[in-house]
Amino acid sequence: MTKKNNRQVYFNGKFVDEQEAKISIYDSALMFGDMIFEMTRSFNQKQFKLEEHINRLLYGIKILKIPFDYTAKDLEKACLETIDINKPFFKSDDEHRLMIDVSRGLLGIYQNIENLHKGSNLIIADFPLSWTVKKMGRFFDLGINCVITSQRVIPSHLMDPKIKNRSRLFYLNANIEVSQFKGDTNWALMLDTDGFIAEGTGDNFFLVKDNTIITPEGRNILRGISRDYVLNELSSQLGVKAIEKNIEKYDVYTADEAFITGTPFCMLPVTSLNGIKISDGKPGNIFNSLLNLWSKNIKVNIPEQIKAWNKIDEKEDIQGPTPYKF
Amino acid sequence: MTKKNNRQVYFNGKFVDEQEAKISIYDSALMFGDMIFEMTRSFNQKQFKLEEHINRLLYGIKILKIPFDYTAKDLEKACLETIDINKPFFKSDDEHRLMIDVSRGLLGIYQNIENLHKGSNLIIADFPLSWTVKKMGRFFDLGINCVITSQRVIPSHLMDPKIKNRSRLFYLNANIEVSQFKGDTNWALMLDTDGFIAEGTGDNFFLVKDNTIITPEGRNILRGISRDYVLNELSSQLGVKAIEKNIEKYDVYTADEAFITGTPFCMLPVTSLNGIKISDGKPGNIFNSLLNLWSKNIKVNIPEQIKAWNKIDEKEDIQGPTPYKF
Amino acid sequence: MTKKNNRQVYFNGKFVDEQEAKISIYDSALMFGDMIFEMTRSFNQKQFKLEEHINRLLYGIKILKIPFDYTAKDLEKACLETIDINKPFFKSDDEHRLMIDVSRGLLGIYQNIENLHKGSNLIIADFPLSWTVKKMGRFFDLGINCVITSQRVIPSHLMDPKIKNRSRLFYLNANIEVSQFKGDTNWALMLDTDGFIAEGTGDNFFLVKDNTIITPEGRNILRGISRDYVLNELSSQLGVKAIEKNIEKYDVYTADEAFITGTPFCMLPVTSLNGIKISDGKPGNIFNSLLNLWSKNIKVNIPEQIKAWNKIDEKEDIQGPTPYKF
Amino acid sequence: MTKKNNRQVYFNGKFVDEQEAKISIYDSALMFGDMIFEMTRSFNQKQFKLEEHINRLLYGIKILKIPFDYTAKDLEKACLETIDINKPFFKSDDEHRLMIDVSRGLLGIYQNIENLHKGSNLIIADFPLSWTVKKMGRFFDLGINCVITSQRVIPSHLMDPKIKNRSRLFYLNANIEVSQFKGDTNWALMLDTDGFIAEGTGDNFFLVKDNTIITPEGRNILRGISRDYVLNELSSQLGVKAIEKNIEKYDVYTADEAFITGTPFCMLPVTSLNGIKISDGKPGNIFNSLLNLWSKNIKVNIPEQIKAWNKIDEKEDIQGPTPYKF
Amino acid sequence: MTKKNNRQVYFNGKFVDEQEAKISIYDSALMFGDMIFEMTRSFNQKQFKLEEHINRLLYGIKILKIPFDYTAKDLEKACLETIDINKPFFKSDDEHRLMIDVSRGLLGIYQNIENLHKGSNLIIADFPLSWTVKKMGRFFDLGINCVITSQRVIPSHLMDPKIKNRSRLFYLNANIEVSQFKGDTNWALMLDTDGFIAEGTGDNFFLVKDNTIITPEGRNILRGISRDYVLNELSSQLGVKAIEKNIEKYDVYTADEAFITGTPFCMLPVTSLNGIKISDGKPGNIFNSLLNLWSKNIKVNIPEQIKAWNKIDEKEDIQGPTPYKF
Amino acid sequence: MTKKNNRQVYFNGKFVDEQEAKISIYDSALMFGDMIFEMTRSFNQKQFKLEEHINRLLYGIKILKIPFDYTAKDLEKACLETIDINKPFFKSDDEHRLMIDVSRGLLGIYQNIENLHKGSNLIIADFPLSWTVKKMGRFFDLGINCVITSQRVIPSHLMDPKIKNRSRLFYLNANIEVSQFKGDTNWALMLDTDGFIAEGTGDNFFLVKDNTIITPEGRNILRGISRDYVLNELSSQLGVKAIEKNIEKYDVYTADEAFITGTPFCMLPVTSLNGIKISDGKPGNIFNSLLNLWSKNIKVNIPEQIKAWNKIDEKEDIQGPTPYKF
């Protein structure tokens, strides 16, 4: 492999410059939102829960009947190679955020176009985690204000969010909606059509009540890998009961604490809902304990790392509290 | 403009080879299925209802708040230029199928990557209509068998199909489901969550009962431009009443005729539903009259043109009755 | 009747000072929100559609099985007496806004408390219309921005809004929600649980498309008397078709015009929905024509009257665009 | 404080005669059903679970964003003062039923009316518990017949019953409906819109099956304080498992026992549903054990106290089995 | 054909004594409620709308894929033969009520049992109409009181009532429920799951408002043949507009008149709903006009004929206002 | 009792030839699908869980208010007598499948027909189990492919499947639908209207994930007696946790194993869903262990017995993988 000048993207077995990592307009991914994907992160450059991400990816591929020959092992190898080749382009204090995309490939009627890849695509990009989270540092202290949007999630029996796919315009709609609210700590939180708290547009919701950690049942949501880590590992390490349960706005208003989880930032405290303070409106003790434990487990001070990135780039402001600007 | 060897795609004001018409993996279109699009066709190389397609495109862009500067006039001009530049690459008996794509562009966090287009994208591709329809000629005589899938459409208040967008994995799911049924004239037909007939995965449904043409209310469906042409123009030209109304499976089973409309094939007769014959199981009189009228209006014998394409390419068989193979 | 120093309220056959118009905490109205009511207005001191208001009141009383002996004629007489007695306390340029309240009275278990009125209550208050509308003058030119709330209306089969009653906390919730949005022309607009546009928290919604006036079906809404006047009288006077139909957000975004109706302000233009301009973002022609016609019919320039009130009281600012401050 | 001749009501810091405890017709409570409330009881003149009632009240006030300055301690003090001042007017064998009402106060447009209280209202009434329950004594032996009404509860995501408020006309509708059934032990029991047993119009439902006490999940119901006492305290004192679970009519028909809980009567046995006997149609053993335990805990024989009140007043008959007469 | 002593039932081409008209316990009709049927009546011994009944029967058979060889003509012939053979057993003033049953026959696993009919069954019984209606005479003057049951109809997309079949236990449930109400003119009226008026347990509902006849849309109901006659023939003969529309309880409470239609009694006035009078609580003018017209058209005074039957049999009382006793 | 030549059916206290076991066309069972039933099986000629079947039957009878005098003991006695009398007609290696039917009897209006049984009917048939299952032997090795039908189950609050009744045409519809799919191991599996896995058309569904046995909550399903045996007895005998939980298609696709239970075949492995393999597409270990345990408990090798029946009758093929042929 020759020396590269630039971040490289794994593309069906080869590496291409990041700028060249593109999908044909005739690909099923662009025609139907028909792409399965994962986004990971590292701690100290070491991937976290990569196996879990890959397994979830493979489930999605199987359920959508995408022809695909890579095994879990193949995928892991490709991921690690991608990280290796990109190391030179990462600051030493940054982390590797992988984006693994699998699409079905060209629709049948475009199969005869020459010089286009036939069959499904596997694409693995690797970009600095700091891009995603650098504006989020302040939320570890302030907390975010979750805003219930009129946009509700699509019920899983119509299009299943547990299959991590790209037909997710409604997430974007929720983000646009939240950008219209007053305040600068707003964060979209969607209900399902039964009126239960479902998820954010890229994160899972938790509350704490009477020393029990509670998160919505894994139905109309992506079953996040960070969610799983808190629910099944961190909580028992901490010795606190954690359960899945249908929860409603009322349960949040009367909770002791609340927080969200997501791969890039791990956990953020939720200190109010629709502008109404949860408890005393400050990050909660169990939140702090879980986050400390997580930091300890992976040997990175999670909030400090993110806050540090923010300082470095403080001249730019490409991103507000909702993940994307409108 | 230098001479091209290949079909060209309009890409943000320039033309690129069709094989190079690609979208960055960091584009909102690929991240969120956040793309508005239109697909048109010509008759005798002249675009049909191009203005209507462009207006619908602009409504979608406005509702999704995609920053976009092109006017309807600009868009029309770009479409016509695209056709002009591609004429040399079309057989004289083929038609121009435009695909107009608009995406929001790179998500905020990727804005700093160099050499990637900033801002929204406008892409116009132009490929032979025969690709889409050449296997459909036999259906004008045989009719198709609509199959109600367990996949239902997403209610418009959750994600609106009237905004023609790419978050449409559920359409693909319906097609996959139909591919599992016995028979070779099957075609997906989805119900909405109220149990009313909604639409196919790229077409609108009509029935005829007691000399009235009836099509589902324009709620949980794409309000197709062919649908509009039949509903508001052809029917009155023919002197037959045409209305929008909630319809159910029972109404189809007891109808006098049924058919679907879609841009590429215009109209196809539906001769059975779930294997149960509609009336005598043959294309109906009003269907035939409407199709003849349409052919006459645009001076192309629609079914004969499609059947002719089939003959030419009979050695290949890349596509069954559902639009895509699995 | 002795001379009064103060606005008077009709209270079960007598007149009491406005400050004394109060309901026992043991009344069914306060225990169950069990009160039927109407709010009217005058033009040039003459009540408008009083008969229609009284009839709707009587329907509600009958359906809720409230024991009540007043006939429509009795009610009309009591209303007119109330206005007469209050005339001295009204500025000559103001209008009479009647509030007619009927409650079932004390619950059974409190019937033995002495000195409390037994049986149902009829209360008629009369206060200056300017109180309600004086801050709304600017909206006739600017238009309002309707905001779809996450609060949806209660389906009529659970608690029927057509019965104008006081169990309407959800209206207040919608107003609170809208107060959290950026902007100063926001106005709550609620969907029903099917995702159709229902109503504001005290007003009905209309749009105009292709020269047809369209308002939601009279199902999950109060069937407003102003709504009825526009739908069945003004529109035909103007020679424009007006219909009831299920409408969705998409229909509003793609409408030619939109407006709301309500007894105190008659009509206000809606120039955007969720911050997205409707057509050119200005009050529409049909809106203006309807409002002019209404003004002509009742011989009051409706918008000018309201704007005039605003000038007089410009030092106070007790009310924003949503009817109540939070 | 001068000596009073009459029951007194705490009203924004003062005491007024019960007959004078009234709310302005312009108060948000009467305009929107916008009032938060609690109703308590004493045992041997000592309030039961007063803290829990106050906390629930404060949650409701916070969620509805009612401006309110009283702390839990302030509220407790006011309650106790109210009881003290009213003691002279209570028979020695009666109990104190407090009604604590909080309303937002006058709507904005009425703020300028003189001599009306500005800001939110706190009202605490204290009346004899015997008024509410004296006709219920016979049900401890007979049991009640729950009748499923066609009136269903409003789903909590539309208007949350967990916020104890006055927009509850649908409760009254259910009571009216039940009054039309044959029989004199009927009692309204409502389903939610999913078809699960929800609650009565002022009480929570329980069944017993295979030695487990089961009550509906705390979703579309008021989470009653008596319900909580049975579910979390009495049951474990008795050594019987008690859980929350969605239950259906079928589960009641096939239950071993059933009962309801409510503050005034504590517990009543349900011996049939829609006229179909539950088990042998008699109050169950676990019901009896729970009630005995409760009586023992608070040192009042609950059923005997209620039966005794009935004897005293047997000449009057102001109330049937459903709480209110129509 | 030998002389019979008894009413005869057509049974797969033969006639058997009515007592012998029985279905094997292994028949699909008894295993799955898998039977399509029609019930007709005569006027002056002449069948009314027999062709329409037969066509509806054949639609049901086709949709359920029951193997069946009889044509419409065959069926008509069999019906008429059945009437002929039964004439001797009918009083001269009675009418012929045919019951036409078609079942799929024995389930596959029972096909080997000897001496049981293989294949689908056609059964035509003919019994006196007076049996069904003789207790209904008084309703023509009194009207019936429709009672909304908590039992709602099954949505048509789950099991379609337009296919007249025997899986209708929920109809019986509604009748049982109504039998528990006070009063002796009660009649079950079911809502659909959207809260719209659907149908009775063997009849269709109509109301009259402002000189328009309105009946529920033909969705979650059996589209009755009497309904069709009123909607499409009698109304235009009378010169009154008649439409299908979703209607709610509120619309009934505020209607000018209401009535039901059903084959045996043709039409009955509905004078109250849930005990609340509709208009003045008397049969309406349009009802009377329609019924007179119907009587005139078929040359039988419909109400008088039914009242006459009642007199004859007044000693028996086998049936109350709901069709069946419990 | 005289010697019989033929299988006998218990019919209201008497025995009749199987061919004569028939129900009048005027019976409520045939008019309304108003019949409660049970179907049992023996192991080594000994009835399994007969008491449970009888109890469930009696619950249904009670809930539907069918007048019925038999006690559980009477019913057991009648069942055993029926088996005794039929023993001579069973091959020694076959098993007794009882069908116990209870219908309300003739509708009221037919009560006067002579020579027809008045009152409810109790019918007990006894036929060889091999008839039902002989074609199923191969599924113990191959597994079945469950197919999600567009037909969903009727929600229990509309018509309760827990009451085992004959209004079940929708089960047949699901079977017809599945017969249209490619493949010869297909088996209908229905969702409920919430999108959860409900049941097959005569069987309950289970999956195994991470060593936990999971079956849908007992809501929109028949709570099968085999289901109960696996859930509450076999699983604890095996030492594996077994729970009820809402499950979705996604949970099946990602399960470790899946199977169904039903009285005639006890358990069958589910090796794919909609053609997508579950795990490695083979019967799972826990399935095999449970089935072995069951076989051991009742001393019959369940799969071998069924396979043996298949060999004997291999010349016939009256039944495919879905229970009935269309």
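For clarity, chains are labelled A, B, C, D, E and F in written order, and residue numbers in each chain start from 1.
One rule holds for everything that comes next: contacts are C-beta pairs under 8 Å (C-beta built on N, C-alpha and C of every residue); 3 or more make two chains touch, one makes a residue touch a chain.
Since the model is a prediction, treat every value here as computed from it, not as a measurement.
Student: Which neighbours does subunit A have in common with subunit C?
Tutor: Common contact partners of subunit A and subunit C, which must touch each of the two, are B, D.
Student: Identify the chains in contact with subunit D as well as subunit E, in label order.
Tutor: C, F
Student: Compare the two sides of the subunit B and subunit C interface and say whether they are made mostly of the same residue numbers, over half shared, or of different ones.
Tutor: different
Student: Could you figure out which pair among A-F, D-F or D-E mirrors the A-C interface, over half of its contact pairs being identical by residue number?
Tutor: D-E
Student: Taking each chain's centre as the mean of its CA atoms, which one is most distant from subunit B?
Tutor: Centre of mass proxy via C-alpha means gives D as farthest from subunit B.
Student: As a quick test, compute the distance in whole Å between the mean CA positions of subunit B and subunit E.
Tutor: Whole-Å distance between the two chain centres: 45.
Student: Averaged over CA atoms, how far is the centre of subunit C from the centre of subunit D? Could you give it in whole Å?
Tutor: 33
Student: Measuring centre to centre with CA averages, how many angstrom lie between subunit B and subunit D?
Tutor: Distance between chain centres: 59 Å.
Student: If a residue has to touch 2 or more other chains to count, which residues of subunit D qualify?
Tutor: 65, 158, 191
Student: With touch defined as at the top, which chains are paired up in contact here?
Tutor: Applying the touch rule to all chain pairs gives A-B, A-C, A-D, A-F, B-C, B-E, B-F, C-D, C-E, D-E, D-F, E-F.
Student: Could you please specify the touching residues of subunit D with respect to subunit E in the complex?
Tutor: Where subunit D meets subunit E, its residues are 147-150, 177, 180-183, 191, 274-275.
Student: Which part of subunit A faces subunit D closely enough to touch in the complex?
Tutor: 191, 194-196, 246, 248-250, 253-254, 276-277
Student: Residues of subunit C touching subunit E in their complex?
Tutor: Within the complex, subunit C contacts subunit E at residues 59, 62-63, 65, 155-158, 160, 162-163, 217, 219.
Student: Which residues of subunit C touch subunit D once you look at their complex with the stated criterion?
Tutor: 9, 18-19, 21-26, 28-35, 64-65, 99, 101, 107-116, 123, 125, 127, 131-132, 151-154, 158-159, 165-173, 176, 193, 318-319, 323-326
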